[in-house]
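One chain, chain A, appears in both complexes that follow, with chain B as partner in the first and chain C in the second.
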Partner chain A sequence: MGELIARTPLDGFEPLTIGDVTLSEVDMGVLTSVAPYKGQTKAIAAALQDAHGMAWPAPGRATGKAEARAIWFGRDMALLAGPVPDPSLAQHAALTDQSDAWTCLHLSGAGAEAILARLVPVDLRGSVFKRGHTVRSLVQHMNGSITRTGPQTFLIMVFRSMARTLVHDVQRAMESVASRG
Partner chain B sequence: MRLPCPICGARDHREFYYQGAAVMLDRPEPDAGSDVWDEYLHLRPNVPGAHDELWSHDAGCGAWLRVTRNTVTHEVIGAVLASEVSR
Partner chain C sequence: MRVAGKGLIDRSRPISFRWDGTTYSGFQGDTLASALLAHDVRMVARSFKYHRPRGILSAGSEEPNALVTVGRGADTDPNVRATVQEIYEGLEARPQNAWPSLSFDVMAVNDLAAPFLGAGFYYKTFMWPGGFWEKLYEPLIRRAAGLGALGGEAAKDQSEKAYAFCDLLVIGAGPAGLMAALVAARSGADVILADEDSLMGGRLNAETLSVDGQSGHVWAGQMVETLRAMDNVRLMPRTTVTGAYDGGTFGALERVSHHLSGVPEGGVKDTFWRIVARRSVLAAGALERHIAFRNNDRPGVMAAGAVRAYLNRWGVAPGKALTLFANNDDAHRTACDLLDAGVHISGVIDSRPDAQAQGDYPLYAGAVVTGGHGRKELEAISLKTQTGTERLFTDCLAVSGGWNPTVHLTCHMNGRPTWEPRIASFVPTSGSIPGMETAGACNGAFSTAACLAEGVAAAQASLAALGMKSASVDLPVAEDTPYAIAPLWAVPGKGRAWLDFQNDVSVKDVKQSAAENFASVEHMKRYTTQGMATDQGKNSNVTALALLADATGRGIPDTGTTTFRPPYSPVPLAALGAGAKGKGFAPERFTTSHAASVEAKAPMVEAGQWYRPSYFPVQGERTWRQSCDREVGYVRNAVGVCDVSTLGKIDIQGPDAARLLDLVYTNMFSTLKEGRVRYGLMLREDGYVMDDGTTARLGPEHYVMTTTTAAAGQVMRHLEFVSQALHPEWDVRIMSVTEHWAQFAVAGPLARNLLSGVLDDPLTDEAWPFMSCGPVSVLGVAGRLFRISFSGEHAYELAIPARYGDSLFRLLVARAEAMAGGAYGMEALNVLRIEKGFITHAEIDGRVTAGDIGMARMISAKKDCMGKVMAARPGLVQEDRPQLVGLKPVGPVKQLSAGAHICSRDEDAVPTDDQGYITSVGFSPTMGHFVGLGFVKAGLGRHGEVLRMVDHLRGLDAQVELCDPVFFDPEGGRARG
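And now, the complex of A and B:
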């Protein structure tokens, strides 16, 4: 086999700053969807805590920290982002490698909320959507996942095949917000 | 229109996919006979007022919901997970 080189979905995409907001690709490490088997939610919560030191995320929440997160990812599902999943998790949940399947961007800056307000039909203002909160929703017309990872920083994820469309849509919203001064 | 997803909370209708009358939750037995199956597949009462419908929260949590909606006033009365509807 030839020598294969892994490329991120937006390989070579330089951080884009418009106004006070920066859009940049982020390498989340290994991504694994964790879908507990029927009646196994308590067991997977304990296993996740033991193996990776973070709580099982309730709907709309993300636990852990930058290098290792568990992000609620839909009904009875979480996304483990960062570490290789401990084999003990597989006793209680279906584990699926999603590492190459998602485009992951950080949108950071004071205007980030105003930009997302143009793209996502959910209230993401800091008064109701705080650090550690997450939603599955739409980003323009794409299904995605949005998580607040800092006071002015959001993690945006959509399917890998839509990477450049995501950049296009976010960039247009960034330009639109910046033009209003 | 916003639909009250039991998992995600009130969400814009763009996040949902509409399947139709919730009669699909009430599938007849395989040997129920052609009249019963004909009714199940094709006949809908189309009553004005409260109406049970199936919506999928495609762009959200992915759950199927049984939404009760008033077809006259368009009021959304409530929603439950389809998996929790007793059959």
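And now, the complex of A and C:
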């Protein structure tokens, strides 16, 4: 019998540092989309709190901490990132395994905002887009999810198949920002 | 020439550059224009149409004459304004639109023929013969008239696009803009201050005025440093706000490294910004206008304010014996500043009889300049004084017809400016751009004190609208000289008096336009080309319409202005399309088997954004057909493996999941048993086929739908539309899982044997009949297995979380090879499905009904479905519609080609006799001949008929027999067995 080897979307990608900003692939653990059924939003919020100790995220918000987050992911939908979803959630929401569907990168450093300003047509200024804020928007030509996880750190997610394009586009923006000194 | 002790240039930093093949030197802080004027280079260009010698007119982006080409080859930037281009070490610039040289330009013969070449000449002359315009006249005229040319080599993508957001965008960093930015910033607002110039300060850098007892430029410099030190202020020098758009969005072009010797590593030449501002302040200043008189375009005739700017900012006197022609007091500053700097003033001609001299210079009050003399350089001017005519020798005439507020941006959302008689020009109409205040000279406030005060007021109004409290700021003390002007547009007289230098439009042209009844200002603009293109009315707009008003007997307010359109100044297309070249054009989507496929030397083809292997060559194969035939053989005789992950996969869950499927599919899915798969057909609302695919029922309320690769996005959108807009009451949730699962087709007589080796549980026909599905364990990993077939063989699709995709693909292929099979690509996949008559989007191309593909009975009579009503329209069910048929060659030519048309054997191959067309073809090694699918009128009932296939593009003409689309195993026993 052979062994199946797991590979990340950017298998073998070493953290890329240009100027004061670093781009690195991050393992978010299990990713599960949680889409509550009709009238179940309160119930799923309670179940999420009970089972995973985090609040149901309002639109544009992410709750939880580094190892376990609930990221707003679109209309009536959150992405539970980290833990295996507790079975109790399934009573109130459609759960779909998305663990392998997304390329997850951290962009970290003082110039991160300036870099994303070249890729994402959304106001990501620190005064507006604070830690725990998230948005579904464009990353250059790709559909993506951007979350601020720290003062100078963003989580960027695009489809797994577009991993290389994401690195290409972010790297180009990193180089441009770095060239300005 | 340089004037000692003047200017803001850094004389300790000399810079050498090349102009028209000659090396010159300038200083840090010089523009190309100021450096050339310092060397007394007067003529720098030939005009657009008549190739007249032209010199530098202005000191800003409004420059109509000094358009030059910078750089060479792929780095060529044509049509750069010399007045904007900062010099750097190694800068290489050259004139354009002149041949063989600037000094001797053959096309200057146009100028002699000018009586025939006036406005409207082309329209009247090149009318016939009809076809000649496009083929002969226009190319000739375009070659003769023109601007610069591109380098002829593909340029690197050295631009970028970016987004910025702020509470307040201040456009223009003169006294008004600086004050507005300071007040807003001190009040806590997030401020962006953008200015075209490399040095912020606006006219303060070009004047000798003082603010708060300091030199204006010193005060401006301190203001800029104060703002730079604030965290909530972003200074954007070299940034032109080019357009105002909806929702507080502005376009802006930042010239990032045009002032540097080469683009820094990883950097860009230009950044095109989209700035979203909650409020904005326009403090764009004013542009000085010219006065039209004969030969007023001679090199050496300049704008008075520009002459002052060259003196005060760049320490350059553009002549040795200067003269001034004006109709307002402001222009006299030029004479005063020049005198103070020790430059000789030959005379000041002021058209106002009551004009007063403001310094020790000869004043000709109530006089006008009637003409310029000299050809390549101004040598003298003719005057008409109150007593007679005179001639003055001069090499530089500074002209001022007054100032026009820069109202452009306020007109970008269809606003019209308001005529203000006090300044004989237009001012912005309040409210033209939502959220925008206007301040300073662009608002008609021409004294420094008024600009400073308006800047403060504009900031206060903006802050109030933002709900922010305004910080108190002391208003600096500055001059508050009243603006005195008496309009003078053109000096009457013989000869051509120029209005629009960039487009070579004269006073006569405007009058001609009125005479020929192109009397509306928009008609005049198009008839004469005045103010068109990159000029956007900067130089001559007000003067031209004043002359038109005069010629038509209407007042100026009634005549109105033409439309100012974005961009305010030219934006390179490279900047607008930044990042979209090469790899940036579109995302590249790679499957998990990509690396293994590339290692196997498979040519990758694009399927939408996906890359898929075309075929997997082995040693000794010389053509793709050999590979394809071999791969088809794998599937028909042994086992083949193909990555089908690109097909759309949509997870559908909820109590109403079955209802949703019953509505979007023509056939029934609520009756599908758990653990089973069904083929489904989907219609658009208009009744045509949208997509097809299989849907599996994983649980009572859980389905997973498969779409084609091409329509994955469209189907997802369709499901969102139906569930959100048509049946929001349904309890169903949908989610794409395309990217989570890597999915591989394993097809062929040995498919079960192959899979048995990787599945942890036995794979039996009883447990896994045709069209079954369910969870499986793949070497310890949870996967999904579907027993479906797109090849007609005993086949499965095995899905596994994508992280294992690469590993599983390599394993499956290795095992298949051990069984005399292997990987197959798109070519073989296509042949296999054509042999079985399975459709793809080559067939369901959006014009095809269910009936056309022989699936009319798939529209269930028992229920409603999307598109059902519209599919019953007479035109969609009529019997002679083209219907799906199989095609095989029967004549001496044994080839078929996709895209070929079908006609009767005894008819001409012309569109009126068209019977149908071929959608897919492939050589079938199984059948031993070409097989094809196509659509032929009423084809379902014409099997056996022999028709003719004509492909005019490939020069093919063959006899084809219509047949059942299923060529191979029509009973379907192989897939079930």
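Criterion: the second predicted complex is superposed on the first by the 180 of 181 C-alpha atoms of A that agree within 3 Å, B and C clash if a C-alpha of one lies under 4 Å from a C-alpha of the other, contacts with A are read in each partner's own complex, and residues count from 1 in each chain.
The rule is short, and it goes like this: contacts are C-beta pairs under 8 Å (C-beta built on N, C-alpha and C of every residue); 3 or more make two chains touch, one makes a residue touch a chain.
Note that the structure is a prediction, hence the values are computed from the model and not measured.
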| item | value |
| --- | --- |
| Touching partner for A:Pro59 - first (chain B), second (chain C), both, neither | first |
| Partner chain(s) touched by A:Arg125 [first = chain B, second = chain C, both, neither] | second |
| Which of chain B and chain C A:Ser99 touches, first, second, both or neither | second |
| First, second, both or neither for A:Ala6, with chain B first and chain C second | second |
| Which superposed partner A:Leu16 touches (first chain B, second chain C, both, neither) | neither |
| Touched partner set for A:Ala178, first chain B, second chain C, both or neither | second |
| First, second, both or neither for A:Leu138, with chain B first and chain C second | first |
| Chain B versus chain C as contact partner of A:Ala68, first or second or both or neither | neither |
| Which partner reaches more residues of chain A (counting touched residues only), chain B or chain C | C |
| Chain B/chain C common contact set on chain A | 75, 77, 121-122 |
| Chain A contact footprint on chain B (complex, rising order) | 7-9, 11-12, 14-15, 58-63 |
| Complex interface listing, chain A residues touching chain C | 1-9, 11, 18, 33, 35, 37-38, 75-77, 93-94, 96-102, 117-118, 120-123, 125, 127-128, 140-142, 158-165, 168-169, 172-173, 175-176, 178-180 |
| Touch list for chain A against partner chain B, complex | 59-60, 74-75, 77, 121-122, 135-138, 143 |
| Chain C residues within the chain A interface of the complex | 160-165, 190, 256, 264-268, 274, 276, 579-580, 583-584, 586-592, 610, 651, 653-655, 724, 731, 733, 735-742, 758, 778-781, 800-808, 811 |
